[in-house]
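Just below is one structure, and these are the notes that go with it.
Each chain carries a letter (A, B, C, D, E and F) given by its place in the written order, and its residues are counted from 1.
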Amino acid sequence: MPEALRKFTPIMFLALIVLVAITLLSLTSSITTPIVEKRIQQQVVDQMKGMFPDVVEWNEDDGLYTLFADEGKTDFLGYAFLATGSGYSSSGINILVGLEDAQTVKEIVILSQSETPGIGTRAMEPAFLDQFIGLNINDVNFIKNGGQIDGITGATISSSAIVNAVRDTAMKKVAQLEGAE
Amino acid sequence: MNISVKGNKLALILRRNANNKAIRLPDYGITAASPVETPPLPPNVALPILQQYGEACKAIVKKGDIVLGGQKIADSEDFNATPLHASLSGEVTGMVKIIDPATGRPVDAIVITSDGEDKCIEYKAAANPESISKADMISMVREAGIIGNETDANPAHIRLSPPGKTDAVIINASQCEPYLTTNTRLMSEKPKEMLTGINIINRILSPSIIYIAIDSTRMDITDNLMRYIKHSGADYLKIVLLEQIYPYAAEGNLVNIIFGENTKPGVALFDASTVLAINDAVINSKPFIEKTVTLAGSVSKAANLRVRIGTPISHIIDYCGGIKDAADKIIINGLLSGSTVYDQSFPVTKETNSIILGHNVTSEEGDCIRCGKCIEICPARLSPTLLAAYAKAGRYNECKEAYVDNCFECGACSYICPSNIPILQYLRVAKSELGKKVAM
Amino acid sequence: MNIGSIIVLTLIGIGCGIIIYIAYVKIPHKVKGLDKIEEISGALPGMNCGACGFAGCFAYAQELAKNPDIITQSPCSVAMQNPDAVKCLEKSLCISLDAAAMCKKAVIHCGGNSEVIYDYSGAKSCKAAAQLWGGYKKCPYACLGFGDCAKACPQGGIVIDKEKGIAVIDRTQCTGCGLCAAECPQNLIELMPADTKVAFQCNYEPLKNIPGRGKCESGCIHCRKCFNACEYEAIIWNKLKAVPEFDVEKCTLCGKCIEACPQNTLAFATPVAAKCEAAV
Amino acid sequence: MTMPDVNQPDAPEMRFSVSSGPHRRSRLSARRMMHLTLLALMLPSAAAIYFFGYFALSIIAVSVITALATEYLAKRMRGKPFVMDGSAIVIGLLLALLMPPTIPLWMVAIGAFTAIAIVKEAFGGMGHYIFNPALGGAAFMYACFPAEMTNWIEPMGFSSDKVSTAAPLSEAFAANTDKMAMFLGNTSGTIGETSALLILVAGIALVILKVIDWRIPLSFLTTAFLFSAILGADPVFHLLGGSLMLGAFFLATDWVTSPLTHKGKLIFGFGAGILLVLMRLYGDVPEGIAYSILLMNAFTPLIDRFIKPKPFGFKKVVDNNA
Amino acid sequence: MTSFIKEFSKGIVTSNPIFVLALGLCPALAVSDRLEKAVWMSLGVLFVLLCSNIIISAIRKYVPNIMRIPVFIVIIATFVTIISLVFEAFVPAIFDALGIYLSLIVVNCIILGRAEAFASKNSVKDSIADALGITAGFAVALIIISLIREILGTGGLAWGDTAIFTLPVLGDHPLTVLALNPGAFLVIGLLLALFRWVGVTKNE
Amino acid sequence: MSDLIAIFLGMALINNFILVQFLGLCPFFGVSKKLGNAVSMGLAVTFVMVIASIVTWIITRYVLIPFDVLYMSTVIFILVIASLVQIIEMFIMRTNYALYSAFGIYLALITTNCAVLGVTLINNIQKSYSFPESMAAALGGGIGFTLVLAIMSGIRERLELADTPKSMKGLPVAFMVGMLLALAFSGFGGII
């Protein structure tokens, strides 16, 4: 090997390793990504079905699902969308929100979270989440801020993450709806 | 008392230092009114050849020699060394080793058994003291072998020949410790000699100013001095009144109190008793063989005594009626900064200024509770608790970095510590270990 | 699979490679000879006790790398007791070592029989106590029993005998680091060959005539009886100090000297560490 | 130094004591200071029992007994003598005073155990710990039992009929702030914090007796007062409410965990005051006193390192911290 | 075989990465609040350490000295990414719970340390033993810590959504702090002290 | 702007890397025995964090997102950090040797510091911060890291003189300090 080239062996060696590594990763990811995507999709659908047992067909528009009870998409059931709150833990709280109409919350479901067990997780319990049922999205706020939701002492951060995420995303989605119409 | 101190330009009144860095004790001046007495001669004296400055002295007498009081018995070629004189007449009965309290190691001492006659060599009074030259005066002081008290503890002739210029002289006529009254006694009993002595120092060092530090309670001395100053027009003399709190009269503190801590004038400090000795040496050519000491505490009669150097302590105690109240502690040179001896036959040395009999208080050393009282009180503004902790852990270098050398061993920190930590003792260990390292 | 991303990311990899390469070439690398120093310091105990006289094991290794003779002048006692370390040092320094001779252990020259002459109160530290008249015992060289040495011993090999008020060294634990000897204000502790058989338990210096102070009942009176009693010429009389010294090779452990001593100053040395015997 | 002939050299007729100077000590002792503190704490404790009856009595008993038992065990495990220096009692008592009246007693026991075993003894015990043990124990309990630790009831004394009806207060509290009731102590809160008056009296007594230094309470209280006023809150309410008084006089002043120097103490109080107000006004924690003092405890070694007295004398002081 | 066992057991006791070497502390503290997380994390570490040790010791002769560290890191990072992708696909709840600590296995001092200190100098077989030993040590430590933290901190033990058991009293009022950050420090610190006290490890 | 300040303070105090996020614990226990060393380490980490955040933000924005390969972040970020540390080492050595001798040894430790990789992952992947937000987070995180390291070293310097039980000495008691610091820092919760 010529002297000049020899100098570059280390660099080429690293490049080779990087190349191999990246190829390997691309391969792995091409296997796992569809699984993940499918799962998330499935999860959302499952939860949606739990929320609206009659759902048969839906439209998706930029994360906003419009749900129908028949194949022909005429029997309107409600809306559903994902909201993400940033709680106490650095990974977020993923919430599926169901709306009966453009104003009223049907139900909210926590898809994933990693709040502090025993503290933050109290905001994941029905006692808290059930308060959302049937609320006007404008009332999704703490009582002291003029809404209708009781906070949880000791879990202010987690509970307000949920409340704020649900309200803000809902407002956005509603605006999106109105924009679409 | 027609001269009031307040408002008089000659007097300088100083009160507390910042932050109350001092200890107030009730037993100042118990013997303040006791005139200096002279007890009978002791049967024998032991004169240790201690030598911290200059080359070690060598004995110039041997066993069996007959010596006269005032006769030189040890000397060295070195100017810095201080000669030693027989303090009474008699026979040299031995050269013994005794333990030096400072190092715990043996040193030589010359023992003289008194013949009871107290014959002295002839002291020639100077015919015309004013005409003696500066150099002669210094060598006369050296010949007399004067070593100062605790406050000015090194040979007087060294203090009188400083390398640089002396801006000011401080005469310490106050007391640095509770119980001690020798300085004030001498000041009131021998004002004339004292002033001559001061004059000699003035001529040798020619400072621009001389401060005389006096306890603020001793208005009689102050009035006398004021009168004298007014009369003689000795305007270079100024009086400093000190509160009787410990450790104001310690050398470093005095300098700081008078000049503030941010100036560094050339200062020489002399204890009143040293001034008297200098006066004796120059005017009477009399060597330093007598010392005035206060005996106090658990003794039948507290007194101020003029004793020969080398006199066993037991002799003095017996003269004053013996130990009272089963006192089990003999404290030399002051309750706070003094040391203790374990045997009554310990002799009075040139540095001794008091003997206090007391009781031992054993107190279990606790953990430092970080109260910060030692820091509050340390007049050297050190952090004694930290220093003690470092010293205990053997981290002597950190002691040095925290200025352990600035500690002047007043003991205020150990005094105040609510956890009874012998802080000062730990600092002494650190200092000596550091000293060893330097020596190595 | 996304070919574009693979290419771009590999290019980033190459870029990083170049950066690292340049940085590597430009940064001067470790001082020469470091490998050897590391090898030597690997064989040292790593206690950084400083008993060798250098500032820690690594500093010692640096000096050794420069001048292997240092190991005989100021040996590391701890390393000398570990046969592996000795082998390793011999190899890397290209010298042969007489480990047994260099293997030392501490001995306390005090039997604790000196009378108490005053009641000491104050800091529980030998150094502090020794500052007051050389200690509270009649013998100004006596063990003061506050255990400054024990505190310094990294092995926990020194305990204070509460009855006698002296320090006792457990020679099975002692590694001969000498840290204790440096702490003792009375200079009572000496590092002696590990296989020392007879212990001389007096430190009194032959100073005459210190009134009120003196040696204890079991102090050496310099009578030479032990010297005369030994049939194997294992005792050498140290004229300077006027004390006996023992030749380990010749001593047969007969105990005659111990019997002969009128002062009970001599005793058999306590057992030697197994570790050390292995090295010997 | 001994002389021959005068006495029999080998048989001194009497054994003297020898020690290093100084040969006299002040009468101040750590134990005495601790006992005075204990005495002073009797005032808020009495108020606690007056206002919260059996609740307070049982909390105090459990806390102090657990603290003592833990201290005893810890000392035994370490092979050290157990001395009744009062410190464990003080810690137990202070912890008790920080408890809300309805706290289950086993929780108090856990708090007292943590305070002594982990926050005090694991660090080396008396004089060596870094964080205030009582507050460490309380913070531990806040984190473990947030609901129980913030369950406030109206004072009801020993009257048993009220005990059964004692219910948590509502948010109406904030509006209903009778300053006089807060000053005297007839208000809700932890059992020991309610009577600002008695805490003040006890604290000032300790200051006068030189058991505690005035600098920390003063700077702490002043900073909290001024800073809360600056931020637009009611300063008197903040001064009297919560455990500020108790904290400023008895918790922040713990010698072991506060700075050594005067200047350091002022900084400590200032820092604690700022942190306290921030936490009270904006924080999530129920009461900021434990956290603000614990944080300043953490800063104390740094304060001590940089705020040192400058050695007296003429030597130019070089900064040795560099 | 004996050397294999020796290397293996060394990792668990005498050079336990957590309790003795105090390395790789971040994941040890962060994911030890629940047993489930601890187990999955240990599996992740096992996979990464095993694969990277094998690869590194296999290619150790060819790696240019200059590029040693970068190459090792890239290899480790690759396996870490693979394991995160796999976790994300198959155990999503765990992937979410572990958060970034899964990715941070890359910089876990244990792994790079082993690559540098062991795999780059030893045969494939020994490297496998080393990986197994170190992982076992890591796993044992993590599981002990997580058991304590989960049982006391949540008042019971759970796997996934199913509770294995719940303690009386503590089940209603768990010592929550143990499941939180301060508790992680507390439990590990006390375990360290305990091991020293009973003499498993040496005092400082 | 107030967002940035919130992110900065949040990263420094509330989500402190060491006490809350559990990142960079090895140096927290390893390099916290002396204040000087601790502060040097902290500053070096802060510096590398900021630089790494800049570079990784660019890579994320212009490479990873366009190609939709965010899952490659770990590999690429760590490679970039490793080479960055090298180049910074070289740069400092060339320009300021005094600085190099003070910081040099710490730089080597930084490559394997969780906090550096952690901050890049949090900024770019977890929170998808904008550039200024990334900077605020990196700076805040680094300063919080330095602060806690400094506190810890102050405490440990004092503990060295303390009569800590034998089996608690050193690391175990440092963990206890960690616990109490974490408790104390939890008091910052919600301040922003």
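Just so we're on the same page, contacts are C-beta pairs under 8 Å (C-beta built on N, C-alpha and C of every residue); 3 or more make two chains touch, one makes a residue touch a chain.
Just so we're clear, the structure is a prediction, and the values are computed from it rather than from any experiment.
Enquirer: Go through the assembly and pull out the chains touching chain C as well as chain F.
Expert: Shared contacts of chain C and chain F: A, B, D, E.
Enquirer: Could you name all chains that are in contact with chain D and with chain F at the same time?
Expert: Chains that touch both chain D and chain F, as defined above, are A, B, C, E.
Enquirer: Specify the chain pair with the maximum number of C-beta contact pairs.
Expert: Greatest count of contact pairs is found between chains B-D.
Enquirer: As a test of understanding: of all chains, whose mean C-alpha position lies farthest from that of chain E?
Expert: Most remote chain from chain E, centroid-wise, comes out as B.
Enquirer: Going by C-alpha centres, which chain would you call the most central?
Expert: Of the chains present, the most centrally placed is D.
Enquirer: Farthest chain from chain C, going by mean C-alpha coordinates, please.
Expert: Chain A.
Enquirer: Averaging only over C-alpha atoms, locate the centres of chain B and chain C and give their separation in whole Å.
Expert: Computed from C-alpha means, the inter-chain centre distance equals 44 Å.
Enquirer: What is the distance in Å between the mean C-alpha positions of chain C and chain D?
Expert: Chain centres of chain C and chain D, defined by C-alpha means, are spaced 47 Å apart.
Enquirer: Report, in whole Å, the distance between the mean C-alpha point of chain A and the mean C-alpha point of chain C.
Expert: Result: the chain centres lie 69 Å from each other.
Enquirer: Two or more other chains in contact with one residue: find those residues in chain D.
Expert: Only 2-4, 12, 15-20, 118, 122, 125, 127-128, 140, 143, 146, 284 qualify.
Enquirer: Quick check on chain C: which residues sit in contact with 2+ other chains?
Expert: Within chain C, residues 2, 5, 9, 12-13, 16-17, 20-21, 24, 117-119, 121-123, 128, 131-133, 210-213 contact more than one other chain.
Enquirer: Could you list the positions in chain E whose residues touch two or more of the other chains?
Expert: If we look for residues of chain E contacting two or more partner chains, we find 66-67, 70, 74, 77-78, 81, 85, 99-100, 174, 176-177, 180, 182, 186, 193.
Enquirer: Following the definition at the start, I'd like every touching pair of chains, please.
Expert: A-C, A-D, A-E, A-F, B-C, B-D, B-F, C-D, C-E, C-F, D-E, D-F, E-F
Enquirer: Which part of chain B faces chain D closely enough to touch in the complex?
Expert: Interface residues on chain B, with respect to chain D: 19, 23, 25, 43-44, 46, 48, 93-94, 96, 98-101, 109, 111, 113, 252, 256, 261-264, 312, 314-315, 328-331, 334-347, 356, 358, 360-361, 363, 366-373, 375-376, 378-383, 385-386, 401-403, 406, 409, 411-412, 414-420, 422, 424-425, 428.
Enquirer: Using the touch definition from the top, list the residues of chain F that touch chain B in their complex.
Expert: 160-161, 163
Enquirer: Applying the document's contact rule, which stretches of chain D touch chain A when the two form their complex?
Expert: On the chain D side, the touching residues are 146-147, 150, 171, 284.
Enquirer: In the complex of these two chains, what residues of chain C are touching chain F?
Expert: Against chain F, chain C makes touches at 2, 4-5, 8-9, 12-13, 15-17, 19-20, 22-24, 26-27.
Enquirer: For the complex, give me every residue of chain C touching chain E.
Expert: 13, 16-17, 20-21, 24
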